[in-house]
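Structure record follows, encoded as structure tokens.
As written, the chains take the letters A, B, C and D, and residue 1 is the first residue of each chain.
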Amino acid sequence: MKSGIREIKMETEIAGIKMKNPVMTASGTFGSGMEYSDFEDLSLLGAVVTKGVASVPWSGNPSPRICETASGLLNAIGLQNPGIDVFLKRDLPFLTGKGTRIIVNVCGHTEEEYLEVVERLKDTSADLLEINISCPNVKEGGIAFGQDPGAIEKITKSVKKHASQPVIMKLSPNVTDIKESARAAEAGGADAISLINTLTGMKIDIHKRAFALANKTGGLSGPAIKPVALRMVYEAAHAVSIPVIGMGGISCADDAIEFLMAGARAVSVGTENFRNPCAASEIAGGIRDFLQENHITDVRDIIDVVK
Amino acid sequence: MIKENAVVISQEKIASGIYSLVLGVTFAEEAVPGQFVSVYCRDASRLMPRPISLCEIFPDRGAVRLVYRVAGAGTEEFSRLHSGETAEIMGPLGNGFPIEENRDKKVLLIGGGIGIPPLLACAEKLSHPVFAVGYRSETYLLADLKKAGQVHAATEDGSYGICGNVMDVICSVPLEADVIFACGPKPMLKAVKAYAEKNAIECWISMEERMACGIGACLGCVCKTTEINSHSMVRNARVCKDGPVFKAGEVDLS
Amino acid sequence: MKSGIREIKMETEIAGIKMKNPVMTASGTFGSGMEYSDFEDLSLLGAVVTKGVASVPWSGNPSPRICETASGLLNAIGLQNPGIDVFLKRDLPFLTGKGTRIIVNVCGHTEEEYLEVVERLKDTSADLLEINISCPNVKEGGIAFGQDPGAIEKITKSVKKHASQPVIMKLSPNVTDIKESARAAEAGGADAISLINTLTGMKIDIHKRAFALANKTGGLSGPAIKPVALRMVYEAAHAVSIPVIGMGGISCADDAIEFLMAGARAVSVGTENFRNPCAASEIAGGIRDFLQENHITDVRDIIDVVK
Amino acid sequence: MIKENAVVISQEKIASGIYSLVLGVTFAEEAVPGQFVSVYCRDASRLMPRPISLCEIFPDRGAVRLVYRVAGAGTEEFSRLHSGETAEIMGPLGNGFPIEENRDKKVLLIGGGIGIPPLLACAEKLSHPVFAVGYRSETYLLADLKKAGQVHAATEDGSYGICGNVMDVICSVPLEADVIFACGPKPMLKAVKAYAEKNAIECWISMEERMACGIGACLGCVCKTTEINSHSMVRNARVCKDGPVFKAGEVDLS
């Protein structure tokens, strides 16, 4: 060890799966990595989280699907995806062997559809599953599925029964009490939770007198939501003992460090990929620089330090 | 495809609200007419890049020209760029028009409003380009178009050329064409598509959708397609990656 | 009527109280109008909504109380206020006769405290009362008061029993279903509802390893929250038949028009006052310009037109 | 108090990360040393104005000078302003130091770091100003201070003046004072307050808090007071309106 240059440990671990660093890409913002591999060396990332995959191809919502808001982005993609068949044939093989962990994000209209995808992912190169329970079409008693603690616990249990990989439950922020959602996932046996998904928002085109998105509402992401995301990650991390993956508006290393300090074991970079296709690896590098400047040798020493 | 800080070589206002921006870029040699660049905003509140088509490509000078209309806060920000400053861009993006295979054919370039600029880049690579272009009132880029090919124009108020829109040009001037390249507002594209079908002319159109990633990853910019798309496995194609240029028959403009 | 210049009606009405235009100031962002009267002609505003007033002086939270986020502001003022005595002696008389409607925002730690303030406001120049049920210290069953429909209905009923002015219930956005909150207020007899109050958020100072706000969490306001606010205003306006006052991130006339088109009968301008002390009157003027350009003669003709 | 677009007369980097900005303003005649201006950002993602003290006031030229340190994105944005451009500001804000009543007294001006600039404005209005200033390492504004009064300085690394902080200056140099005006970081203010109490010297200190409205309406910027404040009715005062200058005994620095 040379003076001044200490080796910095960036490794983190989620449910027994080791990652080279705590920075991953957020589902739906990075495809399956293919398009971004022109810019980004995927092996520099802790994990790639894929776009949500369903049991059959989904068309998603009509266009316009996105619009910009102040420091934010509204999207209503509607979980368009090519279905698990093509995913297993094309996308998963592409990601395999790229030197990064693979987290497959799973969506469905019904419990059966989720389970079908989870079953199909058995014995594949997927390292972890992330279950998106904020799917707009899945309802339970009037409100969406991911907004009801009972439903969260139930689906978590079912998925856990069928999954061969560890399971991350991805929580919706559109709830009164995120701690309840987190505890429900933990009670259902989740190996980890990730949050936040997007906040439901709306924009109106006053000249057209119409919603800016064909779907009326969309999910808000980007720096605008970071304060809400950080608060929820902090609350969730202090409500459960399973690992928390934090996300929501992370656009630089400082943002990521805030989430780690609030208790996240890892972080995901979403909307920022659209502004900077190398965002995730640059953020991983920036965390390392921060540790170095502050004479900290292990990234785990900044996790959960602010209480 | 690269993301870079492009140096502003020059910027000029060429009509009311219309600007011409020449940028020094590293990718001019590989760029194709019909492709576009994503231009990023400096203002941190505006996250999404603005897609702007290549209006001219200068491989020798390592430069491209963008001609754009100030439509909102992002393009307003671009209009304040001065030469010597830099603009963050990504490009060249998308597929572009099929130039090679049509170079020596009779290509009719149909453009409406701010859809006209990319057709100039096309014309500069074609042997016999003929333009049919429609403006609201004030014309722009006309001298450049005339240098590149034969021009038939319309204005809605009749202040220049035929009084009417670009379809009125096509109907009133006898134009022969093997292929059509079109760019403009959706109603125009619909009319062009119908015209091409009726006259059995091969037709390529450039589509517009709001974009986030610009490289095919977010699925924000899809347009409806008539057949199942081989990438998406549904009747949807990504304007940024599978387009912006599509064979007219492939897209569902309804 | 000269050709081209038509008279434009800007009047709106909340619970029988007529306002000259639909633009008001949001509670806590405009003091009691005194400081802003150096910049703003108060008579150009539909109404001034005062800072929350309690039965006795409140010290609020320790500093730092505010911090900036991307297109947003986090605040944890903690409802500092001089109490109803000073309010009645100093602030209310200042506002009286200024040619604008006076809406007094009321806060309390307990139901009794709310009622005491409401009683004291009887037979004063206050035109309307706005009851802030997102007070951070008022809890009902673990979650804040304004996050429980049962509690909302109950407090609304009590306040209505004691109030001599019409009552606006101000709703918290930190809920799973804003429609339920809105319906609870309506069931309790509210004359109107206003929303949104701030979204709970957090920021961490990574160099100090501490929360940026002494209070740990704060309320997020400003353009960042506008999409969420607009969605909730739209949902609430379509869930109840009492008037809705919309707010959250309004910074220009176009923003205000979005809220009106989504169903708000009036709008409040909050955080933007800090950037532009004349924001509220400029926005009222901007709405008028929009109507003129679009040949609309009555602002009511753009309310609730997007469905 | 006015909000206006001030013209940048000049901007200069005077030390690493420290800039001197002269702005043409309409309010120079009414401004008082110790007052500040709110400077607004252009970037739409940064909502809050940045409070910056008046470092010099030029009533004749209708101008004020601000000297500031680049501390984050807002001040970084200001540092890119060029002469001829405009900066949106509001001012003059706050109360200022009690100059009139102390003009001919022995006033000791104690400043630390970026708290030094407002003391220059004070000195220029006083008959016998004496400075005690502390820098980390690189000094700035020293020539101006020397022109305005007698200067005793310290640097933390000893590269100029006494090695230590401003309190070391005060303890090592025999300084007589009727009144103290102080501006700097909180630990310095605490030490100054204790020193003044011990030596029974009248002491005024300038406080810092994050601000939103800058005019006393939002209650975002309060500091603790030792007595109940007549406006707030609690032990709190608004730094922007009741301050930023307080009698040391009035504020609770704990």
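Throughout what follows, a residue touches a chain if its C-beta (ideal position, glycine included) is under 8 Å from a C-beta of that chain, and two chains touch if they have at least 3 such contacts.
The model shown is predicted, which means the values in this text are computed figures rather than measured ones.
Undergrad: Steps needed, at minimum, to get from chain A to chain D via touching chains?
TA: 1
Undergrad: Report the inter-centroid distance (CA atoms only) between chain A and chain C in whole Å.
TA: Using C-alpha averages as centres, the distance is 34 Å.
Undergrad: Just curious, how far off is chain D from chain B if you go by their C-alpha centres, in Å?
TA: Using C-alpha averages as centres, the distance is 55 Å.
Undergrad: Please list all residues of chain C that touch 2 or more other chains.
TA: Where chain C meets two or more other chains at a single residue, that happens at 70-72, 222-223.
Undergrad: Taking each residue of chain D in turn, which ones touch at least two of the other chains?
TA: 44-46
Undergrad: Testing understanding: with touching defined as stated, what is the shape of the graph linking the protein chains, line, ring, star, complete or other?
TA: complete
Undergrad: Spell out the part of chain B that touches chain D in their complex, as residue ranges.
TA: Residues in contact with chain D: 42-46, 73.
Undergrad: Which part of chain D faces chain A closely enough to touch in the complex?
TA: Result: residues 44-45 of chain D touch chain A.
Undergrad: For chain C, which residues are in contact with chain D within the complex?
TA: 28-31, 34-36, 38-39, 51, 57-60, 62-68, 70-73, 75, 77, 80, 82-83, 86, 222-223, 271, 273-278
Undergrad: Within the complex, which stretch of chain A touches chain D?
TA: Spelled out, the residues of chain A in touch with chain D are 70-71, 223.
Undergrad: Name, in rising order, each residue of chain C that touches chain A in their complex.
TA: It is residues 69-72, 74, 143, 147, 174-177, 199-204, 206, 209-211, 217-218, 220, 222-228, 230-231, 234, 249, 251, 254, 257-258, 261-262, 290, 305-306 of chain C that touch chain A.
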